[in-house]
């Protein structure tokens, strides 16, 4: 079944908030998301800034200990422009180099989306006008955390959150550990493009309509988010510093490969020679590291290469 | 001019050691490298283990403050097998997960190289036999550091060293800041394949013949290694923790883009939306992070996209 | 005015929860606190484990942007024993050394409190019986965070929380940045003693009656908690890794010394030669570092040395 | 036997350099040390800046695997003033706070030593004149590292080096793991006072005469430096980030307590409730953390409390 969901209220924490929509496992939902500053497709600020989320969407029959599979079916911009901040975060450069960075002005750099060329072009208000490829994604999504926590959408954790990992986009399924009845899915913070790390604190921020399929995954309990797309399996760690995020992701990958059919030693031997790391957000309180492995390597070696039904 | 270089002595530190070969800027050298345990192409341990280096090779006319360009022309295995350790390093998994890892046995896992299929196949002494793609690279190379230091080949720094970054391979040019007369180039620690991070402490270790062209780059002084291949420019930071390695790499990328023609603000705006990060070594005392950007993005935006002559 | 407060409900998050008691600025409250496992002075588990908090206590007239001063007047054990876990956390030792640590048994090590000798004596269920000094303190306390967050009492932040900093005890005043009307003070997790870092994950855990005076401080807005006792001023940073906690604490100390009358350069010169660091919790998601300076140094140099009324 | 040692050459790396003096185990040496800028007691720059070391001093009969005990008998200033830099390092404050720090001028702040009051008074060239207590110590000392490394005196490691830990001073014995024949002791970088962390990059830098007794310790092989003074035993970790330095120090303390007579579980139980941490250098490439425990606690519990002969 397909649902359309336009929130009447947006949340700036991910928590066990009153359910806005309940769907069945396997249903598809098209969700209107405002941008990080609460601005919608008509360029109106309809809710306060700070990564406001659409949700929560409950998935009937899903319980704590289950795994929720979120598949991105489509991302559609709700307006033809986005914006970014024209500087870099102090924490991504050498401490003394902070003095060399431009001081971020209060005004934004706007980017226009050209659907025919599939590009974004900045207006050059700050620096030179630039052209980059259109590559939409969503920065922040996940499920209600455990223990009754309500966590700021500025950060991330085992429940997902503001991971800003550009490779989680159309065609990708993300698996979340469920902590509460119904899972309670939240999403927002759309980007028309974004570099790795979101190192200026913004992608090209825009209101986006997101179409996702939400389903209970046939998978045993997981500790950290996992994902898969056409070519890779991913394990995702969210923590600061990067070293710890990498530890979470690497441990989760080892557990995942054992579920794929490898014994602990084989998994270790294979990971040493075949994994890759990507860096998601390095701007937020918690950073994001993904450990990934090509499905082709798993297939070659007789291991399970997908968790999709 | 082309040289062949087979060392009579190997070094386990990178420092201002007696020059073994002097070449002219632009010369090509084919260098015999033993593996990380000092074992050569005939399977004989000819020098003590610990990433023994071939070198130093002096490049005539190069002085402190210059930049040395090292281009990988070819990598040729000197034997038809390599080996790896069958576990993961404790520091890449969650602290309590260390107890779940296999204890690394003293024996090695061997891998056979099949040139016709361009694959490596492990013998399955530890766990199951595995097949992966042949993808040769060299783990450790660089130039003599400043201040008279002689630094263990187990680690890395501004001078290069044990970066274990798998994308620095055939077709890639790496740029090093020169600290001493002649630069003094060292290289060793060949791998027939290696996952990102070298998270088990080894790639598929083998003796390799490396053909490199060494030349003085026409480039102003740099702080951290840079690189380029057919598609990307790279800035490389070597430090622990990852956060600091990333800071070094990001700062160097910002400097590099300014040299490519961007002003400081334009460079920041572009980096926010267009850079990617890779993780090199996360096993050694110093970790490696690369910040990279597609040359196509630079060309599209009228920026210099190569430092090659 | 003095109040006695025994909660009817305990919270495992610090957030904007329904007020349990409202006091006037300057009032004193004696608060019954269960231990980290929800066990009270009669050895009955009356609420689920996980650092349950007594509170929230609202202070009338205090608003967001204000500073709440919490003075520890007295700490009184509510039972004559406490307990600890008999191992060390994996994250405080070298990764490979985790294998050398005793695996924490599910049973606890109990300690008996002898008021006449002011000592604690362990029963020796795990290892040898040990005697240490009685030195009571409270691990977790703070005020409701901003943005509607409800944060687990397993961690800490600008609002305080599970800092486990042993020198915040009787005679000490702690200053918190207030984010919501009434500040909403929470407290729990009493210890009869605790080493720096709480490196086994527990102090000597016990139910404790805490007597505190809660007052609005006459102090401009602060970013991180501050404290003072008879001899020192403190600035406290809560974050992971330690490097970042230290950065928060050091920045806050620099701001505090400027408020004490130093210009920015004088504050820097003085801090270089006169500050000390302590480490609070290194077990939780967020670690704690305190930057402190002797009041005597401030007095000698004509600077304000107290924020008490 | 007592020796006087005034170097004819100073080293800016710690390594296996030609021996300048050989002493017997148990001998005492008074060593003239220039300051961090190579300036001697007559205010003459006699060697290039960068923590020049006096040494190496070989101790006859000491071999790799042994432990060298270095006891500070006396520290005597060789001139009546020192200097410091008037700012803080960027890496010890929040990244964006770097812009708030004074830019370190090229000129120094001088401090005059008054032996009668045992104080230091700054001249107020940068900011206000300040008075602090005289508390001499030496920032950098240690023994030649393994593997033929020659390591910059700007950093530290298992061999010691630039630890800048203010509590290693007169009356303290420091134990180093010996890597080469004769140990090869180096020392320099005297301070008339220094805050924890050396967060401005300098203590009050001065030329100092150091009197040390060098002896082979009757102790089994150690991994990291240890120390003891009248009241405490210390284990010292040198690495970046602080988290790793703390891991080294905590692991070494656990090993040390086992050597003091505790079993592994008892050591863990005791450490949880009784250790303290101090922070040494947080300015250098490698940071320093000390884990310490009161000798009185060890004595109370029937454990060895000293390693002195």
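Note that the chains take the letters A, B, C and D in the order they are written out, and that residue 1 is the start of every chain.
Heads up, the rule we're going with is that a contact is a pair of C-beta atoms (placed from the backbone, for glycine too) under 8 Å apart; a residue touches a chain by one contact, two chains touch by 3 or more.
If you're wondering where the values come from, they're calculated on a predicted model, not measured in any experiment.
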Set B-D beside C-D; more C-beta pairs touch across C-D
C-alpha-based rotation, chain A on chain C, 0 to 180 degrees, nearest 5: 180
Rounded Å distance, chain B centre to chain D centre (Cα mean): 34
Report the inter-chain centroid distance for chain B and chain C in whole angstrom, where each centroid is the mean of the CA atoms. 47
Inter-centroid spacing, chain D versus chain C (mean Cα positions, whole Å): 32
The positions of chain D in contact with two or more other chains are 91, 93-95, 241, 243
In the complex, the residues of chain C that touch chain B are 89-91, 93-96, 98-99, 103, 241, 243
Taking the complex as given, what residues does chain A use to touch chain B? 84-88, 91-95, 97, 100-102, 109, 120, 122, 126-128, 130-132, 193-204, 241-243, 246-248, 250-251, 254, 262-279, 282, 287, 289, 297, 300-301
Can you list the residues on chain D that touch chain B in the complex? 12-13, 15, 50, 147-152, 239-241, 243-244, 285
